[in-house]
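Two complexes, one shared chain (chain A), two partners (chain B, chain C).
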Partner chain A sequence: MAEVKLTIDGISVNAHEGALVIDAARSAGIHIPHYCYHPALGNPGVCRLCLVEVEGAPKLQVACRLPVKDGMVVKTRSEAAKKAQAFSVELHLVDHPLDCPVCDQAGECLLQDYYQRHALHSSSVREDKLHKPKRVELGPNVMLDAERCILCTRCVRFLDEITGTRELGVFQRGEEGEIALTPGKRLDNPYAGNVVDLCPVGALTERDFRFQVRVWYLKSTPTLCTGCARGCSILLQTNPERRWHAGGRRAVRIKPRVNSSVNGWWICDEGRASWKAVDAPSRLKTPSWLKSGKAGAMAWEDAEKLLAAELAELCRVRGPEGLAVVLSGTLSNEDLYAAKKLFVERLRAGRLLVKPGPDQLGEEDGLLRRQARVPNLRGAQALGFGAALKECSWDSLLEDVLSGKVWGLWAVGRDPLAVWGEKGPAALSKLELTVHQAVHASAFTQAARWVLPSASWAEQDATFTNFQGRVQRARKALEPLGASRPDWRIFGGILRSLGGAWPHESPEPVFAELSLKEPAFAGLGFELPPEGASL
Partner chain B sequence: MSGRITVKTVERPRMGLLEQVYVFEALRGLWVTSRHFFLNLWRHTLKAAGLKAEPGAVTIQYPEDPAVVARRARTRHRLLKREDGSPRCVACLLCETICPAKCIRIVAEESPDVMVEKRAKSFEIDLGECVFCGYCVEACPEDAIRMDSGQVEMSAHSREDMVWTMAELMGDQPKLRPIRPSKDPLAG
Partner chain C sequence: MSGPLFTPEQEAALKAWTQRYPDPAMGLVEALRDVQRWHGRLSPEAEDWVAVLFKLPLNRVHGVATFYPFFTAKPAGKHRVCVCRNLSCHRAGSPRMLEHLRKRLGVPEGEPTPDQLISYQGVECLGACDHAPALSVDDELVGAASEELLDEVVDALKAGTPPPSRLRPSAPTGPAEGPKLLTGRFSEPELHRLEVYRRFGGYSALEKALRLAPADLRAEVKRSNLRGLGGAGFPTGMKWETVPSKSQRQAPHWLVANADESEPGCFKDRVLMERDPHALLEGLAIAAHAIDADGIFIFLRGEYARQKRIVEAAAAQAREAGLLTRDVWVMQGANAYISGCDTALLETMEGRKAWPRQPPPFPTVSGLLGAPTVVNNVETLMMLPAIVREGAEAFAKLGVGRSGGTFVFSLSGDVEKPGVYEFPMGTPLSDILRAAGGVRGGRKLKAVIPGGTSTPVLTAEEAAAARMDFDSIRSAGSFLGAGGLIVLDETADMAEALFIIERFLWHESCGQCTPCREGSGWTKRILRRLLEGDGIPEDVGNLRRVAEGVIGRTICALGDTVGMVAKAMVDKFPEDFQRRVHG
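Here is the complex of A and B:
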């Protein structure tokens, strides 16, 4: 495409022919205020906020509908443009209830921001405000306040163009126009939560987040979603200080982070709700073992020593062939590398399982969600699991356990009882050693001889490889709950107790060693760019 | 508009000869004190004789006599109610946010009234941490909190008792201060 040269606010800007003035300005670091325009949803030009002065044009122009031309001179901050922008904000506020004190959007609201930046008028409207429906539950996680709406139609366009589900529409006309559900529909598609992020004002808010905590208390950590094999870029928002808010939970909200190579602007609702698991009551907090039918908590050092001794003894007497290790695609590259060193290179365990069974599969669609509900399946493959390292299946494993070929089962983040159903308890009774290493308690936790608590994805620095082979960083937003630890540290501790070499105390050197030893990861560093890097 | 600091130099006042001699200034000070003493003595005498309603300057016998505070003094906080008796507070958390001592703790919940939308489930002020700056009153967009109760005596026997709950701040419930038998630290 041909390049054109134009001038915006005195700055010379190069842009592709046909690009919009609003985008050209953004590339030059000039922000033109706008509500209705969204790079993924087009430019209906209804909010009239991006009015700019163009030399030679008789009237002000709408920057989001104006293609660039060679030699164009645009002034976004001229007196006429400033006046028009301020007037647009004033018009948007005519019927706005100004209920910022009770509005969850306050603090991240574009009406507030643009009023401060571009308007600062005292209202010239003397008429009463028009009242519209408030506190309307559009769906399981979206609340509508029609009074706050400025009719930018971003939500409607998202549901028309991206999901194609068309749950929302604009009804009535003029001042009485309002966003409402299409008759007979409910806003419950798997991507419905995105309309909340798109809404520039407080009209659409998240029900899960409603009145939980004010947004200015939140700390945002750029990380990735571990809900499925896509690994969408997200911001995990936590409430670090004021623990009386949000019911004492530390993780309170997830927002999408723009990453054009993975998820674009969106995330699915499943991923959006995945903060709930971080502080769930089912979290395991201390290492423990079952001794004569009773669970006894212990320190990590003791657990490592005792478990290593048990493992070594059983491997000597019964042979390492009978040790089955169920790993998971939920583990990071570092975790899987440490697991490989412990179970494959040191113990030579006879049976390995990583690939998702019925316990880790979900619905897939064309937008974001992948069938494998684990973030690092590709990483496991890149490390050799399922290829050079042969895998068994849940069914063959059950057979081998029932026939007595397997004496030990170490399950990481997965529950064999949930997969095996009614045959499970009989199988467990045949095993001499059972280890459940997991973030959350499940049925297997009760039955397992050893319970080792893992840190959740939000509590560690790690790398995951998504289905496209893109290695992305998860960043630590919180301290591990209780005594829980990243899985690589658990594997490393056992390896050390068995007499193996494991010098690493932080994830960075683990990844450095991994990228040296594993050809698939060669050349990658732990400090990855925000959008990740390809294998 | 830039962050530059402008410095204005102020001349130190020069002392004249009389001030430098000192004795005259000392006598002048003595004169001021004596004048107040005799003026007040005169006013008290007039009051005693029934010739004047107002007495001279009075020393308040605190704590036997109650403390007198100016009307604009910032005293213990009070939460206000609407005409229908419900609390004015909408749990916007601006006071909690502005509070430099971080002594306000509010938990929000849904209000049954859709036009109010949000209200405080609990509202606590730890007066043991409060610095009585009055920022909470300034920040409040609903005129829900004021520091005009006139109460300046808030001591308690434990840190927990220094925390005032919503009902206590609204006056719905008297602040109960259980008098605990004080422990003699030397008594073992």
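Here is the complex of A and C:
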């Protein structure tokens, strides 16, 4: 594609032929205000805010529909352009209710931002404002306030063009035009929440987030979603400043983070809601064991020592082939590496299972969601699981437990009882050692002799390898809840108690060792770029 | 709803709409018109049924159903009585007529009578300012409303008999002298019949044109200085030149006659089609040859039911006589002013909301269904036979400067003899006014809106000096538009006149782009407050500021209009606004 050279606000800018002035300006660090334009949803040119002066043009031009030309001279901040942009903001506010004090968008609203940056007028409106529906439940996740809507049509275009589900439309016309549900529909597709992110104002809000906490109190951590094998880039938003808001929860919201290699601009609603599990009441907080039918809490050092001793004894007496370890694609590369050191290299456990069974499969679609609801299946494969390291299946494992071939079952982040159904209790009664290492309590937690609390994905720095083979970083947004720990640390502690070598106290050196030892990860560093790096 | 939504005959009729045009969706608006007529409304079930039939997403169908004023969600009466409330009709007493209907029928505007028989409505424009206050029943123009006529209509509807027709003939057309390219034949009452039209030399120009190579024909029209007579005034020959040649692009080429005349003050296309439909068809055949069109569409505004029948009958005759060799489709809109804007027209034709497109590409390159499309106004097309017959030079010479030929002006408002008047381009406005008998009742002239309500007003002094051609009127600070002159006498209140115009523009704003949507609404609300006696000192300044902030910032010209007409009124008649300001 040919390159053209133009001047924007005195800066010489190179752009591809056919590029839009608004994008060329952005690449030069010049932000031209706009509402309707969105790089993923096109340029209908309806908000008329991105007005700029172009030398030789008789009137102002909308930058979002203006292709660059060689030698073009664009002024985004000339007096005429500034005046027009200011008046455009003013027009967008003519019928706006100005209810910022009770609007969740306040603080991240483009009406507020552009008013501050481009307008700062005193309102001349002496007329009654138009009234439209203020509280429309569009679906399970999204609420509409039609009075705040500026009819930029981003949401409609998303549902027409990206999901193809067409739940919304612009109905009626002129000043009475409004975004509303298509008759008979509800906004409940698996990606519905994206319309909230797309809405530049407070018209569409997330029902989970309404009236919870002001956005300026939030801390945003760039991390990744661990809900499926896609590993979408996200911002996890936590609430460290107003702990008494949002029902006392630490994690309060997830927003997509643009990553053209993985998820583009979007995330699915399942992933969007995954913050809820972080502070859920089901979280396990302390290591414990069952003694004479009673659960007893225990310090990590004691648990490590006692569990290691039990393991060593059983392996000696019954043989390591009777130890079954159920691992999970929810574990990070570091976790799985440590697990490999412990269970494969040290203990030589006879049965391993990593691949997702019915407990970890979901719906897949052509947009983002992957059938494997685990973030690191590809990472496990890269570490040899399922290949050099043979895996068993849930069915064969059940058979071997029932037939007495297996004496110990260590399940990490998964629940055999949930998979085995009614045969589960009989199987458990055959086992001498049961360990449940998990973030959340489930049926197996009640039955297991040992319970080891894992830190959640939000509470650790880690790497995951998505289905494309892209290694991405999760970043710690919160401290581990209670005494919970990253899984690699739990494995490392047991390994040490067994007399093995495990010098690592943080994930970075674990990854460093991994990248040296595991050929698939050769050359990669722990500090990955925001969009990740390919294996 | 119990039972099937539609009878088998109705289902067949709806299905036929999906097969009528080159693209199934093009039948959508007319299919929904049928449903509205049958059911008195568009129910969600009916919309859904139509969406499935047309294989279109429901949000698109519902968007169309809620966009066009012809469609209602709430049941309207079996018969719809409409009284125009726009400027000329308002001046002629439409508020009184609506009040009379309210008293007579005992229901508020828009609500059906308890027996569901009749609903009535003040509407924005019926394209019949010559019959002000215009009255229509079920899309058929009845005549100028009076209390007596309204009673007659109501009585007839209640008795189940057809409503009366009180249409005055659409001629006279001014003094006998002077060139009359179109209206010269209007003395002949049967002109709409092919054999009569042929007696006046009809279709001889087509014969001549077909002997010319398309390129030579285009050059001829370019030399004639024919300009678009639908409002924009773009040189017709130049527009045609921008159509890519078929060797460059294999897509079909379409020709569209824009008969969506909806500008308040303009009604000449209505009269021309009614009286002389073959001139339109001959013009279309000539234009189709010039641009090598594969098919021809005539798109009429929803209110022109009678004209549609006349044009369709004429087209059938011409086709039978072997004069029309290309497909001719006659389409009808659903009462949206904005459909008259060429790109919005194409959207309506394609079965969408009339949201104007943003060129480039221009329709001549990518128009109907993405194919090269020429959209020409009815009168523009009707001038073509004269150009071919008389020659480009003769046509050009009739006019002045770069505006060739004649123009059929529509006169209405406070004028003695409202109607259509054909004059050469460049004729002094005062001559045209005189031909129409001057200001009504011998009153003093206050102002003239020269080209329909979208054009800035001229004061009496400006009007006295104005010449009616595209360039002269532009230098006088207004536009020739579609030649709809609205005369306002000394009793006119310009704040009220502006309110009526801005209310219209607000009603017709498609809502797509912010400045027009918000600017028209804000302007209208300020004006309403002024009229209600609550004016404040900032109002006049705000009207001007909003006007200036909207002009040049919108997708189509409707936004410019919102600003330009307000600015002209406020600047030229400040006393009518200032006297309403208190405090």
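Going forward, the second predicted complex is superposed on the first by the 535 of 535 C-alpha atoms of A that agree within 3 Å, B and C clash if a C-alpha of one lies under 4 Å from a C-alpha of the other, contacts with A are read in each partner's own complex, and residues count from 1 in each chain.
We adopt the following convention: contacts are C-beta pairs under 8 Å (C-beta built on N, C-alpha and C of every residue); 3 or more make two chains touch, one makes a residue touch a chain.
Everything quoted here is computed from the prediction, not taken from an experiment.
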Chain B or chain C, by number of chain A residues touched: C
First, second, both or neither for A:L130, with chain B first and chain C second: second
Chain B versus chain C as contact partner of A:R173, first or second or both or neither: second
Which superposed partner A:C47 touches (first chain B, second chain C, both, neither): second
Touching partner for A:L151 - first (chain B), second (chain C), both, neither: second
Touched partner set for A:K59, first chain B, second chain C, both or neither: second
Which superposed partner A:E90 touches (first chain B, second chain C, both, neither): second
Which of chain B and chain C A:D99 touches, first, second, both or neither: first
Shared chain A surface residues [contacts with chain B and with chain C]: none
In the complex, chain A residues that touch chain B: 99-102, 106, 134-135, 210-212, 214, 216-217, 242, 244-245
Contact set on chain B toward chain A in their complex: 90-94, 96-97, 105, 107-110, 114-118, 141-142
Chain A residues touching chain C - in the complex, by the definition given at the top: 44-49, 51, 59-60, 65, 84, 87-88, 90-92, 94-95, 124-128, 130, 150-151, 156, 160, 166-177, 182-185
Residue ranges of chain C in contact with chain A within the complex: 44, 47-48, 57-60, 62-63, 66-67, 336, 353, 358, 506-515, 517-522, 525-526, 529, 536, 538-539, 542, 545, 549-550, 552-555
